[in-house]
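A, B and C label the chains in the order they appear, each numbered from 1.
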Amino acid sequence: MGMFSVSGKQQVCQLFFVQVILIVLMGALMTYGPEADANSLKNHGQTGDHGRKHVKKPDTDPLRVYPNVHVMIWIGFGFLMTFLRRYGQSAIGLTFLLGAILIQVAMICEGVTNFQIDSASPLSLKSLLNADVAVATPLISMGALLGKTTYMQLVFMGILELIMFTVNKYVGEHLLMVVDAGDSMFVHAFGAYFGLAVSFVFGMKDKPKEHNLEGASYNSDIFAMIGTVFLWLFWPSFNSAALQGDDQQRAIINTLLSISSSCVIAFATSALVSKDSKFNMVHVQNSTLAGGVAIGTAAGMMCKPVGALAVGALAGLLSVLGYKYLTPLIQKRLRIHDTCGVHNLHGMPGVLGGIFGALMAGLATEASYDYSLYEIFPARAPNSEAKLAEMRDNYGISAGFNRTAGEQAGYQLLVLVITVGIAIVSGLVTGLMMRMSICGLISEEQKFDDEANWELEEEATQESKIKEGNSYGGDQLPMAHI
Amino acid sequence: MGMFSVSGKQQVCQLFFVQVILIVLMGALMTYGPEADANSLKNHGQTGDHGRKHVKKPDTDPLRVYPNVHVMIWIGFGFLMTFLRRYGQSAIGLTFLLGAILIQVAMICEGVTNFQIDSASPLSLKSLLNADVAVATPLISMGALLGKTTYMQLVFMGILELIMFTVNKYVGEHLLMVVDAGDSMFVHAFGAYFGLAVSFVFGMKDKPKEHNLEGASYNSDIFAMIGTVFLWLFWPSFNSAALQGDDQQRAIINTLLSISSSCVIAFATSALVSKDSKFNMVHVQNSTLAGGVAIGTAAGMMCKPVGALAVGALAGLLSVLGYKYLTPLIQKRLRIHDTCGVHNLHGMPGVLGGIFGALMAGLATEASYDYSLYEIFPARAPNSEAKLAEMRDNYGISAGFNRTAGEQAGYQLLVLVITVGIAIVSGLVTGLMMRMSICGLISEEQKFDDEANWELEEEATQESKIKEGNSYGGDQLPMAHI
Amino acid sequence: MGMFSVSGKQQVCQLFFVQVILIVLMGALMTYGPEADANSLKNHGQTGDHGRKHVKKPDTDPLRVYPNVHVMIWIGFGFLMTFLRRYGQSAIGLTFLLGAILIQVAMICEGVTNFQIDSASPLSLKSLLNADVAVATPLISMGALLGKTTYMQLVFMGILELIMFTVNKYVGEHLLMVVDAGDSMFVHAFGAYFGLAVSFVFGMKDKPKEHNLEGASYNSDIFAMIGTVFLWLFWPSFNSAALQGDDQQRAIINTLLSISSSCVIAFATSALVSKDSKFNMVHVQNSTLAGGVAIGTAAGMMCKPVGALAVGALAGLLSVLGYKYLTPLIQKRLRIHDTCGVHNLHGMPGVLGGIFGALMAGLATEASYDYSLYEIFPARAPNSEAKLAEMRDNYGISAGFNRTAGEQAGYQLLVLVITVGIAIVSGLVTGLMMRMSICGLISEEQKFDDEANWELEEEATQESKIKEGNSYGGDQLPMAHI
């Protein structure tokens, strides 16, 4: 405990240090984007309406869906992880801390991507939205490690992970020109396999053992449902956040259908594999959401309502079976312990989403999409001037690489493989670095226990004790909780 | 228990079967609406802005209020019903399952209404919003039955109820051309009386008896407040969801005033009728919302701020008195057990809302509404070409039936009577079908108990027990919760 | 108890009376604003789109941020205060009651400000938004008094406070033409110092003593985090609610940066000052939000991303140090008891926000803001016709007072001083009036105890007790909770 205490002080210093570095970097690199800059004449109009003219069309206004995504990240992820009996305060508290650091890191990572020598990188509502989406990735990885790390280990992991996330997304989206509207690959699969790789490294040293605090309580299960339901209901916003117009509407419809279907099938499968045909809270808290992950890549595609329902159902089935049969196996054989079962919610459904997206890309034709085919899959647009002219003039289509449907599908699958590969390799390296003592380590008995992170009050759990009022000594200040 | 176990397996099969049928029907009947269809040239413009042109005006953009309504249905209804001491997981879990099934059913029901031989029915954001509103109806009925049914009984009820809901709303809204912006009649009164009719059928066989789990705990009451407060604060969105422009703004203002007033009066009445002038959590969780129901039909009408406050105050008063005096009476005399007291939150306030709406319709004149009278009450628009010409050309008014204010008020009352009538009759029939064993039955001792639905962990309720760490046996996998 | 019971009945009558007065005042003073009025021809267009023409631009549509602010007031404030072990129902319930009354009072206060002899005051979405913001002020003061008053004392305080709030904001905003976009001064500093002044008056009579119920429990701390996280994530909406266009975007970005930075630094400082370098829940629940308060005044100004981060970090640091060192001192020396520590979340960060705003105003130049300088600081606009002409014609700038940057900064500081002064003086007077018995008083043993306000059920805390099912007597109705 004494050693931990020393290490505790060091961690505090590291935490201050991280925020100072972030302030310095933000000062050096970032500025307001033109839409948020007072000194930008195009923001100001010809009289009337307080002189504003450059009004965003409602269709492209990030404020339509941004607040919903924001709720998912902070309330959804935070409360989803409160299911552990004695780790609820850490779950919600550390998500909060980690999120607040990583949203700044994500902005800087995006800023570096857009960096130009002569000017600072712009911040806009779009950047904030992108940062929220990026932050989801390390929070997913955190789910695999919940209760087994110090907070500074998570911070350290999150920063490295966001850098690799940015690299991988840049490769997939800009270099290989692949579509992943709801980030099934870039966020979900990446976050899950990265976290599992880290957990594998942790398990190499200490074989995962049974821990008596690793279970839920009646109330902690209900707290977790706050997270589940908010994630579930705003998932259509998450998957449609990067889209506009009819693509966005389609993504909302597809996601709602897929996640509804996965919810029903997850309940049914849970009862099927459980004793006495009862439901299991872990399945309900997690697998009900698998349809949102699985429709992600294809959310904006013309996969038809029935396609969205089908992939959602499959994801729900797969996810519950994963919890029941695969997770124990992975833990026993590979020594990978997965506290929240992110492999079942984000890993497998993410891969399924990537494959389904490739399939839909392979089936996409100009007959079913008209010219918006070339908006959704820019790499499929013609590269010859002759064919492009009319489209460009009338619909603003840019030149592409003239990819066929099959080629696009191939690229989609390639990026899925690359994503999982980068996630695993960088996760292994990150895990090795985390196991060194610089960020502290927690002992076996501190696992899954809020006492490791929080000054807890002795609780008067029994009603009688409360009524009696055992006074702590007259002169002490009453605000014992401060 | 053995028998229940068999029945449990059958229920699981039914649950899978329902989702499969939904996928088949959705595949056969539904497609993307034009606004969500990539192959719809009007979605694509002349260059610029990624080629988008068909931009929605902010005033008619469903994304302004849809997310709020979505929160009401899934978080609001779900958590409102968590007040029972040992039925919180079922309350939130079964609302979740039921909602996920019924939102698909509601889309299909709407699709059938719009069905044309030669083309599939369109899905749009508007359909999703309508489906959310429709789903509220069976969730209200569920409130009367909470803790007394199997989940498949609820699913079965919900599907039948949504069909009748669709028929009734079609008759009221399209055939009899009645206004019910906030669905006081179509959703609230219908859902309440349908549920009470089902409960009546259940009570015919088994007289409702006192049950020791039918009460709240300290924390379950706070969980329920999550539901109450989210319902309360987004109710203006619910009542204004179907409206636009000034009608929508007026509905928001009226609803906020009415529900604020009902909140204050519900608190005051609760203290008035309770021992020692204290507040009662059941009243606060429910009756505070009665003003939202009561202003529903008239939400978009010119009922003046003071009118909205007055009807809200009356609803709050009525609702608390109902909980205190009417519910026990109904249970004793009519053997209708009403777990959440939906008669007091949705039944009586819904009827009050219908009557208040008729009154406001009866007072509506061209002097106070100008030509928007004919937008709000389309049946009142002139049917003669001469009178209509100018309005049509300048304000887009269509020909109506030339109804007088009195006639419109009469139609409003007629639809209220029809709604309650259809609800009761179809509820009785549904209840009789539910009592047959196809969907299972729960025993007296399983009532209001999460054990009937969930694999619960034995809880280590005492702090000491947690600290000691009673290990369950060395070789077992630690993830006991999976 | 008998005496309290009498007083209880009187309080109920007062509560009814307040709502009746509000209905009368609303009837006498308020009407629908033109945007919500059916009888306003400009709401109706030339055909098409159901005759609507006067469509709001998305940029100025209050529905973009209003729902988020609404969540902050009702969920955020309500749940933030549930941290006390046995006062959770009162925290969420009384916030609910108080809010429902005061939102009506706030509308009437604004209505009186806009009052004209010949016509009623208009209600619009903007009024509802302003009312929400105003209601935050007495809810902040309530935080200082939580657990130590009757509900009618809070209602009485809230009404007086809103009147003084309206006067102070009118003086600052309209007479002295000061900028306070996120209301660091008008809401946060005012609410905190008003509440502390009331608490001072309460402490003059009874020295604050240690109370055994004044602490959190494991679950109450998690409930409070619902409030914290919703406040944290929607704070950018609060600070940007009154702004438009690039100002609004900038306010969102600045607030997100500042509140993220304060979150990280609050965690770090909490661990720094606590035993064993652990986090403290009180700090995490409150001080993480201090950055939102501190950036308030300057939210729409060009303070640069790095400026926002820096002021947030400073606020987080100040706030935790306040909890640790200043609050105990203030309680001991000044006998001011501050239940939620509003001085640390709203008081000091509010003053910091006012000073930072003055500093930014002092640094604002036409070079960095272009002509929007005169939109953001209207008093700095030229008053001479010659200089004004081009700006007015091209950008809609109105004539101002030709203030220099330094003068504007001076006015900002003056208003900060006036605000704190009015808050303290009117808080002292209000406190003296509250101590008289008209609104009841609560005894020392009723403090921080839900029993003072609620009919609580005896809880069956032990699992076994639930299982046994101690039946209460056969004939009694089962719905013991009604």
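Assume a contact is a pair of C-beta atoms (placed from the backbone, for glycine too) under 8 Å apart; a residue touches a chain by one contact, two chains touch by 3 or more.
Computed from a predicted model, the values in this text were never measured in an experiment.
On Cα atoms, by how many degrees is chain A rotated relative to chain B, nearest 5?
That rotation is 120 degrees, given to the nearest 5.
Which is it for copies chain B and chain C: same residues on both faces, with over half shared, or different residues?
Under half of the interface numbering overlaps between copies: different.
Indicate the whole-number Å distance between the mean C-alpha point of chain B and the mean C-alpha point of chain C.
32
Residue numbers in chain A touching 2 or more other chains?
In chain A, residues 57-58, 67, 219, 226, 459 touch at least two other chains, as defined above.
Of all residues in chain B, which touch chain C in the complex?
Residues 57-60, 64-65, 67-68, 83, 85-86, 208-219, 221-222, 225-226, 228-230, 232-234, 237, 244-247, 249-250, 252-253, 256-257, 259-261, 263-265, 267-268, 271-272, 274-282, 284, 288, 302, 304-306, 309-310, 313, 323-324, 327-328, 331-332, 337, 341, 367-373, 375-376, 392-397, 459, 461.
Tell me, which parts of chain A touch chain C in their complex?
Checking each residue of chain A against chain C gives 1, 4-5, 8-9, 11-12, 15-16, 18-19, 22-23, 26-27, 30-32, 35-41, 43-52, 54-58, 61, 63, 67, 70-71, 73-75, 78-79, 82, 88-89, 92-93, 96-97, 100-101, 103-104, 123-125, 128, 219, 223, 226, 450, 452-457, 459-460, 462-463, 466, 469-472, 474, 476-482.
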